[in-house]
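Reviewing the structure listed below.
Naming follows writing order (A, B, C, D and E), and every chain is counted from residue 1.
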Amino acid sequence: MGELQLRDVYKNYGQMEVIKGVDLDVDHGEFIVFVGPSGCGKSTLLRMIAGLEEITGGDITIDSKIVNNLPPVKRGIAMVFQSYALYPHMSVYENIAFPLRVERLSNDKVEEKVNAAAGILQLTERLKHKPGELSGGQRQRVAIGRAIVREPSVFLFDEPLSNLDAALRAEMRVELAKLHNNLDATMIYVTHDQVEAMTMADRIVVLDHGIISQVGTPLELYHKPQNLFVAGFIGNPKMNFITVTGKQADETGIVVTLPSGQDLDVKVLPRDDIAGRSFTLGIRPEDLTLKQADATIEITPSVVEHLGIHTVTYSSVEGASNTFCALLPGSAPAKVGASISMGLNGADCHLFDENGLAFDRRLAVSALDPAEMHL
Amino acid sequence: MGELQLRDVYKNYGQMEVIKGVDLDVDHGEFIVFVGPSGCGKSTLLRMIAGLEEITGGDITIDSKIVNNLPPVKRGIAMVFQSYALYPHMSVYENIAFPLRVERLSNDKVEEKVNAAAGILQLTERLKHKPGELSGGQRQRVAIGRAIVREPSVFLFDEPLSNLDAALRAEMRVELAKLHNNLDATMIYVTHDQVEAMTMADRIVVLDHGIISQVGTPLELYHKPQNLFVAGFIGNPKMNFITVTGKQADETGIVVTLPSGQDLDVKVLPRDDIAGRSFTLGIRPEDLTLKQADATIEITPSVVEHLGIHTVTYSSVEGASNTFCALLPGSAPAKVGASISMGLNGADCHLFDENGLAFDRRLAVSALDPAEMHL
Amino acid sequence: EDKVIHMINCGDNTGAGIPLQEQLISDWEAANSGYKVQVEFVPWGQCQEKSTTLASAGNPPAVAYMGSRTLKQLAANDLIIPVDMTEEEKATYAPPILGTITANGKQWGLPRAFSTKALYWNKDLFKEAGLDPEAPPKTWDEMYNAAKMIKDKTDADGFGLAAASFDNTMHQFMNYVYTNGGEVINADGEIVFNSPNNVEALDFYGKMASVSQPGPVAYDRAKLRPLFSEGKIGMFISGPWERVRVKDVNWGVAPLPHGPSGGAGTLLITDSLAVFKGSGVEDQALSLAKLLTNPENQMAFEIAEGYTPLRDMPQVAEILQEDPTWKAFLDAIPTGGPEPFVTDYVGLQDTINEAVQGVVLGEVEAAEAVEIAAEQLEEFK
Amino acid sequence: MLHKYRWYEYVLIYCGLAVFLTFVLAPFVEAFVVSLRPLSGLFSIPYRFITDDMSFEAYFSMWKNVPLLWRYMLNSFFIATVVTILGLLCIIPAAYAFARFEFPARNSLLGVFIAVNMFSGAVLIIPLFKLMQQYGLLNTYFAMIAPGTAFVIPTGIWLLRSYLVRIPKELEEAAWVDGAGKIYTLVRVIIPVALPGIVVVTITAFITAYAQQFIYALTFNSVNELNPLPVGLFQFFGRQSVVWNELMAASLVGILPVLFVYVFLQRYIVAGLTAGAVKE
Amino acid sequence: MAHTAKQKDYFPYLLLVPATLVMVSIVAYPLIETFRLSFTNTGMSQNYEYVGLANYEKIMSRRFPEVIARTFYWMGLSVALKMLIGTLGAVLLNAMVPGRALFRILVMPPWVIPIAIGVFIWGWMYNGQFGMLSGMAQRIGILDAPFEFLAYKNSAFMATIVTDVWIGVPMVTLYLLAAMQSISRDLYEAAWVDGASRFYRFRRITLPLIIPSIATMALLSAIATFNSFDIIWILTEGGPRGATTTMIIDTYKTAISRFKYGEGAARTVMIVLFLGSFTFVYFVLLSRLAKRSPNNAA
């Protein structure tokens, strides 16, 4: 139970293709997060899984049963809406009990289940209130409560935290993660908040214009983005991109020439026919260092932000497609207008070919899988 | 021009005291940010300066003139609202021209000034559009344009970026900082976003329930919060607080006993009569280290977030008032349930007395003033 | 500046008599320099109400066309002046006609149009029902029997009965009152509505409902003609105007059948020119009204319009010869009774209508209905 | 998906709609059918829906019988238009005051305005009649316009106020900070921004003023040239017989222009109902 | 408030001047005048005298209680039908079926045409011999003889109500439709995900959420219905035998048809009293209800 397959799933709205062939396998108990820019089709895909939108093409399978034409209730899923969709005229109790009432469960059973759910979600005190009297976080919990009582094998969430303020969002994030551990159910979660995606997901699905751009664990996406889109999308501040020229490939990587003329050996799996071609070098702001490194870039910050914990500088750099951002320690001596030498190491850099596809990075396994880390 | 004084300013709404005696001096050209939790009175204070709210007590002086009873237009201020308050039926041009139309300037003059403002804000292309056709960032610039044409000596901003998404917010932050440099005007800026406050302010005013809790540069607030409130409010993730017992004071600081029994010498200006009293020790998540340090705290993370750039752990720790958070490098080997030894150094710690007031920390000047840093 | 004489004329200005009237008016203006007559045509629906309203608002017309039934009420409220007829003038009118404008010993209007009622019957339906098509009923019983025969033997209903909440229901009922020797108010001004004659009349009215078209309460007179024209009712009572309007059926018209306690009778309705008080030109208005209604002018007007002749002038014989269907109406004049003359005409009408409807709907006995009505009428005399 | 119906649900819905719309539209069909029959054909028994003597004759002959039909239609439009304009002149400032300003007795005053709604129409006929009489206003357009205006104001205030409340205050504050006076702000900022709401109020006021002209006109006016459509047509009933086919033809022709206008404005009407009244 | 409270100015009052002027002269003054007139015997002529409570005694003694009861019965039945049909209509129009845009337009005509014209048409429809209702009923075989709807007390009573309902239903329907459309689609989707059937969703979500709108609409249309004049006046003038005489008709007849302003004024005062207390009671009940179940829409 709780397994899900999407096979070549398509969705058109009239002429417009919104989902263009999505394949995905989700195992029981996984926490999957869909991210992507606004309008990329996250909600649509989720709603297709829920049965709220018709499937134009392909198959959706839940627990080995093709559910394309089943109504939501027969799919064994439960959904938590972005707006929570609480019934404003019903008490919290009745809201949570709603799915059970639909099933015509006896009052005793209903009470038992609602109380259990309320217990888990710490809503016992609030059962008599109307949703209008609850705080944002409490409403969210009621919405989850309504999903829990049905004991579905798959939970679907559409940006459930986007209406909350930052502090509450952080708190609820942790609670959701705990809930996932307790419930032993598959969860599919839509968000456009990176931090949510990175912190909660077992695997993240990055959608771009209705196509899956990459699927992987958070750290895979962070360390090994397969293309420019994912590289730019994951990570905050954004990865810096610089146009470089290929020089040669050797055993340990590819040597490229920076706009400043320096050579840098990027630690990626080499390919043939590198010389003279134009690539994009990616370096995350946090991978820039003030220490000695393989190459340097001179920057003259036009804006410096002292955050205490970090100092962030923004500069224009030759060959960079956007403002070049560097994330330095809070104590870093950065001043507007004063040039600094930034070090970058070939091992930290990403390299993308003309099609925006990444060269495979050579990385330690432990970087990708915390389980492999040595304590 | 552009100087502002608040003297013992009060504001009541009926029975409710909202601003309870605020004193503040703002110099010409300063960028002042008001921060504080929701409902603390930031907007009220700003609106009192603008002339939108009556002053219950005290005086507000702008450029040496008491303005308590002047209407906004006579105060030489301009205001940018959270919602931008653009007139939806007027073109960008007419929106920017509005204050000039009110003044009955000739059409030529109006055109000249609007074009100048549009030039600064890169809106020249957009002058014919209606606000509804603009992006969030552009709208924001129109709102600023409307403020600029009046050539005020003080600009007031009430959470101007809160309606924008994260990426755009970061961008506009940088633009606002540039604008401040170009315009040579005083700016007072309300936000509840810490990053905005830290990055843009010359000085930050932290408000707490209608009282100024602390005024200082961003780094002063970060490194030398004067009380528990400011310490907890500034910095993200929040500072961890642990109850400790005073042991002795010496030249270099105060020695306290951690709940684990270890002693830690906190580098603060000592006071008398320390022994046996109960204090609160503050340590920022980012100041915890995996390396050797003055003392250690054992944590067993219940939640671990791998953000790539950082790894954040949450644990329960004896004596800590809340979940204990540690911000570790992205490569840190943290796993849920596996205990880690965290190092903390007395030089990084904060200490607060029973009243929540901070002991003065011994810090290098350069930590507080980037200008003093040696490049 | 000429003084204006405001005259309100009901109806529209398309009638064939209007040019005659206009000619007379300009003659009068020529004879009375300094005065200008301004004629306003107001549709029937609002005509009388408008004049009354203007008068009670203190801005009366000089002269207006009013139903004679309102004269007493207007006089009682001091809104009109008496028309001061000489004995000679009075003598030109048949007594029942004079009766419609006389209250408290004075005449209050100059009759301008008038009507009596008669019984129209459908000869084809009579024949179909086995009745003699050329022998209209002479008594109530005959009328009822004929109606019953028609109802039983043909597709049509026997009789067209009006009982809607309009003035005309009372008018219909008054025909029965007058053919049964009844009265509403006697010569001494007492309410005598609760006479046995009237009980009998009302009872009979209710009885006719059983042989009439379904739902008489939804019908006023105007709705009956289409039924008659369609051959859906065998008989109905109405005025002379139906003569030119009823089409497509083979009809005859006869005097109203007599009631058991009475004889020949009919309701005689006149409309008059009334001279309002307070217009400032009362004398001139009166002189104009008299000019328009003097025997010659009035007769010419009636011939042009096709109205019933008010006075027995030589021309009447010609009319009768030309169209014998006039006979039943003209013959009835001397037997005619007026609309009851009261100070609250609408009140009277409502009271009587209610009695009629009560009986037609079978809700009350005639005797009781008449008693209640009589009591209420006390208020209006 | 949510609104995917099974076949029997379609049948049910369409049957329901058919019954509902039949109820709503049958009178118009009847009126049309009647208008097509010659007068003699009208009173034919038994009832037949379609007859072969149908023609548009009445649509031509009615102009002779009701020569003033154009005039009545124009009067109706004129009265409703003036009522709407006067109404708006009262409604806009009042709604603005109730939506935006704190002043003593604000709520009770609003309550009084709304309560006035109850005494609309016929209740005040008598005193109004006396009043008009006193000031010689009977039989003028004014006599029909004034009461109409009074009775569109409360609803108008109510609708527009709830619209104005939702316009951000900051718009006015921004104008105030920029030195604009209150009238200037009202005219240059509030009214243009509230235009959609004003459109709704205008439409509602017009409907009310247009649909409810009967009693005032019947009572306060007896000058035929000033009569609005319903009273003009009511005159058909004052005749010796009612020319039903022409009455129906005239009615249909008379209401056609408004119907046409409303078809185009219907989305504003529905939107306006949502905007104004639902919450509260 | 928008501007600093310091400016304790008369501006808001200034804004209220036009509306207040109109209301005072067209409503308030006449109301007071009515009250005064109700103690006089004002009639057709210009002169009148004060007669104390005579007018009130007169109306009390003459079947007035019956008129009051009938008025409320007529109003209650009409409003109930409007709400019922309006709700059903709104549900039907809310269905996402092809043609719904057209249907929404088609419900409007009775609302936007002059009431009197609609009533003329109904007057014809109710005709037993030639009208559509009786005619069609005979054709279908429901009736075997023409039926005059306006000829009998009960049928005339119902006929006037049906016409009133016909005129009122479009507004109610569109209003409730608007209310239904303002319910978030999410709620329905959530219920659907939970397996609720269409009917169940209507019963547990739509209906409870539009109840406040129904209540508001019921009050508004009760007031309109109470004041409804044209319909009855044109169809029956209050007959047969007073079966459709409501307070408004009764008052109009007395004052305008019979020129008894004083007596009519007393009736008007009674109407104001009854209508006022009706509305008051309704409001009190409504706010009680609202208090018992706080319905702060989320």
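Criterion: a contact is a pair of C-beta atoms (placed from the backbone, for glycine too) under 8 Å apart; a residue touches a chain by one contact, two chains touch by 3 or more.
Just so it is clear, the structure is predicted and the values come from calculations on it, not from any experiment.
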Far-end chain from subunit B, centres as C-alpha averages: C
D-E compared against B-D, more contacting pairs: D-E
Centroid spacing, where centroids are CA-atom means, of subunit A and subunit C in whole angstrom: 94
Centre distance in Å when subunit A and subunit E are each reduced to the mean of their C-alpha atoms: 57
Residues within subunit E bordering two or more other chains: 3, 5, 129-130, 189, 192, 297
For subunit D, residues contacting two or more additional chains: 2, 42-45, 173, 176, 234
Subunit B residues counted as touching two or more neighbouring chains: 51-52, 71
Complex contact set, residues of subunit A against subunit B: 165, 174, 177-178, 195, 198-199, 218-219, 222-223, 234-237, 284, 286, 302-309, 311-312, 314, 323, 327, 330-335, 338, 340, 366-367, 370-371, 373-375
Touch list for subunit C against partner subunit D, complex: 41-47, 49-50, 53-54, 56-59, 222, 225-227, 229-230, 232, 241, 245, 247-248
Touch list for subunit D against partner subunit E, complex: 2-3, 5, 9-10, 13-14, 16-17, 20-21, 23-28, 30-31, 33-34, 42-49, 76, 86, 89-91, 93-94, 96-97, 100-103, 106, 109, 113, 115-131, 146-147, 149-150, 153-154, 157, 169, 172-173, 176, 182, 207, 210-215, 219, 228-231, 233-234, 236, 244, 247-248, 251, 254-255, 258-259, 262-263, 266, 269-271, 273-274, 277-280
In the complex, subunit E residues that touch subunit A: 184, 186-187, 189-197, 200, 204-205, 208-209, 293-298
Residue ranges of subunit E touching subunit C (in the complex, touch as defined): 43-46, 126-130, 145-153, 156, 236-242, 253, 257-260
